[in-house]
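Okay, so chain A shows up in both of these, paired with chain B first and chain C after.
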Partner chain A sequence: MIEISQVYKTYNMGTESEFEALKGVSFTVRDKPVILKGVSGSGKSTLLSLIAGFEKPTKGKIIVDDLLVSKLPDLHLSNYRATRVGFVFQHFNLIESITVLDNIIVPLIPIYKDIEYIKTLAYRAMKRVGIEHKAHQDTKDLSGGEKQRCAIARALVNDASLIVCDEPTANLDKKNRDNFIDIIGDLHSEGKRVIIATHDPVFENLDFECEILNIKDGRIEE
Partner chain B sequence: MSSILLNSEVIIYLLSQSLILALLAISFIYTISIIRKWDFDSFDTKQFKLEDMSYLVSTIIVIALVLKIFLLFYFVHTIDALSEFVAGAMCGAGVIKANIYGNYVLVMGIVSVFLSLVWISINSLDIKAKNYPYMRLKSYLFIAIFLFILIEYILSWLYFTNINTTQVVSCCSVIYGKVGGGVPFGLDNFKLLTLFALFFILILLSLWLANYVVVFISALAFLIVSYYSVVYFFGTYIYELPTHKCPFCMLQHYYYYVGYLVWGLLFGGVFLLCDSMIMKIFFHTKSDKSQKIALLMIVSFVILSIGYVLVYYIKNGVLL
Partner chain C sequence: MRSSSFLYFLTLMLFKQKSKHIGSIVISIVLISLISSLFFLSSSIKSSLKDTIKEQPDFVVSKSTIDKVMDSEYIDKIASIRGVESINARVYGRYYFNNKGKSALIVGIDPFEESNAKYLRVLFNDIDIEKFLSKDYMIVSSSVDNYLKSHFFKDSYTFKLPSGDFKRVGIYRVLPTKTNLIANDMIILPIDIAREILGIDDDGVTSISFDVANDAEWSNVKSLLYGSFIDINVVDKKEIISYYDEMFAYKQGLFLLLYIISLVTFMMILYQRYSSVYSVEKRDIGILRALGWSIKDILRLKLSESFIVAMSSFIIGVVIAYIYVFIFDAPLLKYIFFGMDNLSVEIELKPYIDIGMLVSLWLIYTIPFISAIIIPSWRVATTSAKEAMK
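Presenting the complex of A and B:
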């Protein structure tokens, strides 16, 4: 279960450019995938980064399973990100100068020591999204859809229980969007929790049940 | 103003001490606000800020305390270097007794190293936990350590500003020789070495039996007995002279600075062992890592001390 309770996030607090991105967001997620909808600047990405442990809220409570994420000290927050969260970024955030395999291996380096085991996990994740044939190709040479599959493989490689996606289909054509939705459906059926921030209408008619939350001006709309 | 203050070692020491104190003073101010406002169950902005701040403050304190530990070695080096300028002093022994503050500064410096180790260990436990369980405890302990270091800082200024380079001080042969009273507590070398061996065996035995209170007490007793054993027995083999009894001369280049190793292993090993025992007794820690390092240091100290005696015997066929 994910419990978000009265979460606020203010950037540049106490300065002239102070900006309140989230204004008391509360909701609870049980097992359905969550689609966070809202226009640019509504606070979707901020909320995702708080749930994924990239940032801490200004105030409020975020609980992911048994973990009080909003209160975790840095050491534990790093461990949480490394072992329990898979994140798919809008612009993929891949390291362009290295191969697909190396990109996927990166998140595992702080966790495991055995490089052969790491490679086994990486190939398993690549196979899952159909990118294993590109393993030794430089990432900069991939197409948009392939880059996205590479980013998904990287998010899955640590067998995270929570998959967080920020505008995952913004740079994709229809075919790759449909592929992505199929992968999300598979992850959901495996029991993984998925949270997607998007304003892509393709997520309005999915084959599986999901919870749609609208976010506007840093607040969840009823 | 004392001319000693123009000495480069003294300037470096006092500046470093001031810098460390400044870092600790900043941390002290924030620690007070942490103690006053800390409420882990709260989810408001103030508490989130305190949690972020506490991590930064703890990091600053760790850095300052580690620097303080190294500064003790530099203090010892400084007083040894001053022996060239203080009339009658042959080594740090004379310089440290140049006025009433010297011994207090040295002893407080040694005690602050031990307190720093304990604080660093508690902090390490605190940051490894998910809910800052020792935040208040380590904050109160830090306040005590800060006040202790502040007093040591004031005393170190009083010490260096009151060294009179024209007034003749006693040299180590007077301080630690027959005139100075020799081995304390009415002991002779045989009794001293018997106690040295007994407490060393007691440390090993009580560690084996996992009786941590006994380890702690026997380690402290071993430290005291070892200090006198080095000064009155083992040291004479380092100097290869039965009448040369001094804890400071072995820090000089004539003896390859072996004193830093001898005292570093002894004090470092015993303090680390005591710290490890405090963690086991009061915080029920499972890790034996620091205990093993401490034991390695103490055993190395014993081997080094006995080694000098053995090497002398092998070379000369007699004991001093």
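Presenting the complex of A and C:
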């Protein structure tokens, strides 16, 4: 279970440019995938980055299973990101100068020593999203859809129980968008928790049941 | 065999981002090879000079007045001092060739005197001293030999004497190149011929050398000499060694200063580059952080990366310097130490590496180099992953 309780996030506190991105957000993620909807600047990405442990809330609690993520010290937070979270970024955030395979192994390097074992896991993840034939190609030479699949493979490689996606279909054509939704359906049926921030209407009519939350001006709308 | 995933990724980043490192490697190699060459050169010369000085007499007495010639009275008085041994009188002076103001140092010795004969035998195993004295012969340095040959004096040279007469002296042998460090422009002659060329009366000498076996007596002997003569200058071996030490420390200090100034400039550029300009670097660190790398993991990667770059630049720079100095005999650079005003210098530089100096250069280079990379990386790694990826 993922519990978000009275979470606030304020940037540039105490300065003229102080900005309150989240204003007491609370919700619980159980079995169903959660779709966070809202316009740009509503606080979706901030909420995802707090859940994924990229930054800490100004106030409030984020509990993922037994872990109080909002209070974890940096070293444990890194370990949390490495072992429990798979994140799919809107702009993919791949390391451009290296190959697909090498991008996918990145999250595993601090965890495992054996490079052959890591590569086996990476190939398994690539196979799952159908990108294994591009394993040795530099990511800068991939199409948008291929980059997206590479980013998804990277999010799946550590077998994380929580998959967080920020605007995952924003840069995809219809075919790749449908592929992505199929993968999300598979992950859901495997029992993984999925949180997606999007304003793509395609997520309103999915084949599987999901919870849709609207976020506006840093608050969840009832 | 289990291979390290960290090592794999480190190698990958080094090779895939080689264009990022190539500039710093090239500049580092140039700086290190230059400063190492200067230090190899000065250490080698200093070491060779010290070795040579060890073979020289403990004291040399010369006159401090305009008239440089001493008579036998000086020799007798010095010989009467307790502890003084192996006294050897020499004649030396500068002989100017007519062409272009070039000159040679004329050294007149008594080849039958024990220490001189021994020294000549060290230089030439097979020297026949009686043959050397049988005719008007001289032993010349390779630089003098080359100079004479270039002026068509192949086997002999005709000296112009102060009396206006001429004296033809044959070249008996050429000194080995290893002696060029102290004998680059030297002509060794039997003492009588040297007196004739320099216009010194019979029995006149210009320097008297001797040994004092007991080190503790050196200062006493010196005091006695200054007490006995008011017109002499006494130089002992320790003074010469400390003079060379000071001279080379001064030159090395200047080079080190230049090296540090260049390094500081380079490090500032590097720091600036890693701090602000290199946004891809910042983004990549942000991605690694977002994917679960801790600050320690990032610093380990950056430290290893910069250490490998620094180490390889240093090794390549030092190897280039070694080849340049000890295989090619440091063309151009050696004139910083020898000058080019008289006869050209042909020196065989003996390989000598001062480990302490190499370690100092390594530390002076590596610590700022690694810091210039690590500090900006650490600053990025400690910001939130979201911020770094922007």
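Following the convention adopted for this analysis, the second predicted complex is superposed on the first by the 222 of 222 C-alpha atoms of A that agree within 3 Å, B and C clash if a C-alpha of one lies under 4 Å from a C-alpha of the other, contacts with A are read in each partner's own complex, and residues count from 1 in each chain.
Note that contacts are C-beta pairs under 8 Å (C-beta built on N, C-alpha and C of every residue); 3 or more make two chains touch, one makes a residue touch a chain.
Keep in mind that this is a model prediction, so the values were computed, not measured.
Overlaying the two complexes via chain A leaves chain B and chain C side by side, clear of any clash. Within the superposed three-chain model, A:113 lies in touch with chain C and out of touch with chain B [touch as defined at top]. In the superposed model, A:75 makes contact with both chain B and chain C.
Residue by residue along chain A, chain B and chain C are tallied for touches, and C comes out ahead. Contacts of A:93 after superposition on the shared chain: chain C is touched, whereas chain B is not.
Applying the stated contact rule after C-alpha superposition, one finds that A:6 touches chain B and leaves chain C untouched.
When the two complexes are laid over each other on chain A, the CA centres of chain B and chain C sit 40 degrees apart as seen from the CA centre of chain A, to the nearest 10. Contact with neither chain B nor chain C is seen for A:39 once the two complexes are overlaid on the shared chain.
Of the two partner chains, chain B is the only one touched by A:57; chain C is not. With chain A used as the common frame, chain B approaches chain C to a shortest CA-CA distance of 11 Å. Put simply, chain A uses residues 74-75 to touch chain B in one complex and chain C in the other.
Note for the complex: chain A touches chain B at residues 5-6, 8, 13, 56-61, 67-68, 70-76.
Residues of chain A that touch chain C in their complex: 49, 52, 54-55, 74-75, 78-83, 85, 87, 89, 93-98, 102, 105-116, 118, 154, 158.
Chain B makes touch with chain A in their complex at residues 40, 43-45, 48, 51-52, 55, 127-132.
Here chain C touches chain A in the complex through residues 2-6, 8-9, 12-13, 16-17, 280, 283-284, 286-297, 384-387, 389, going by the rule given at the top.
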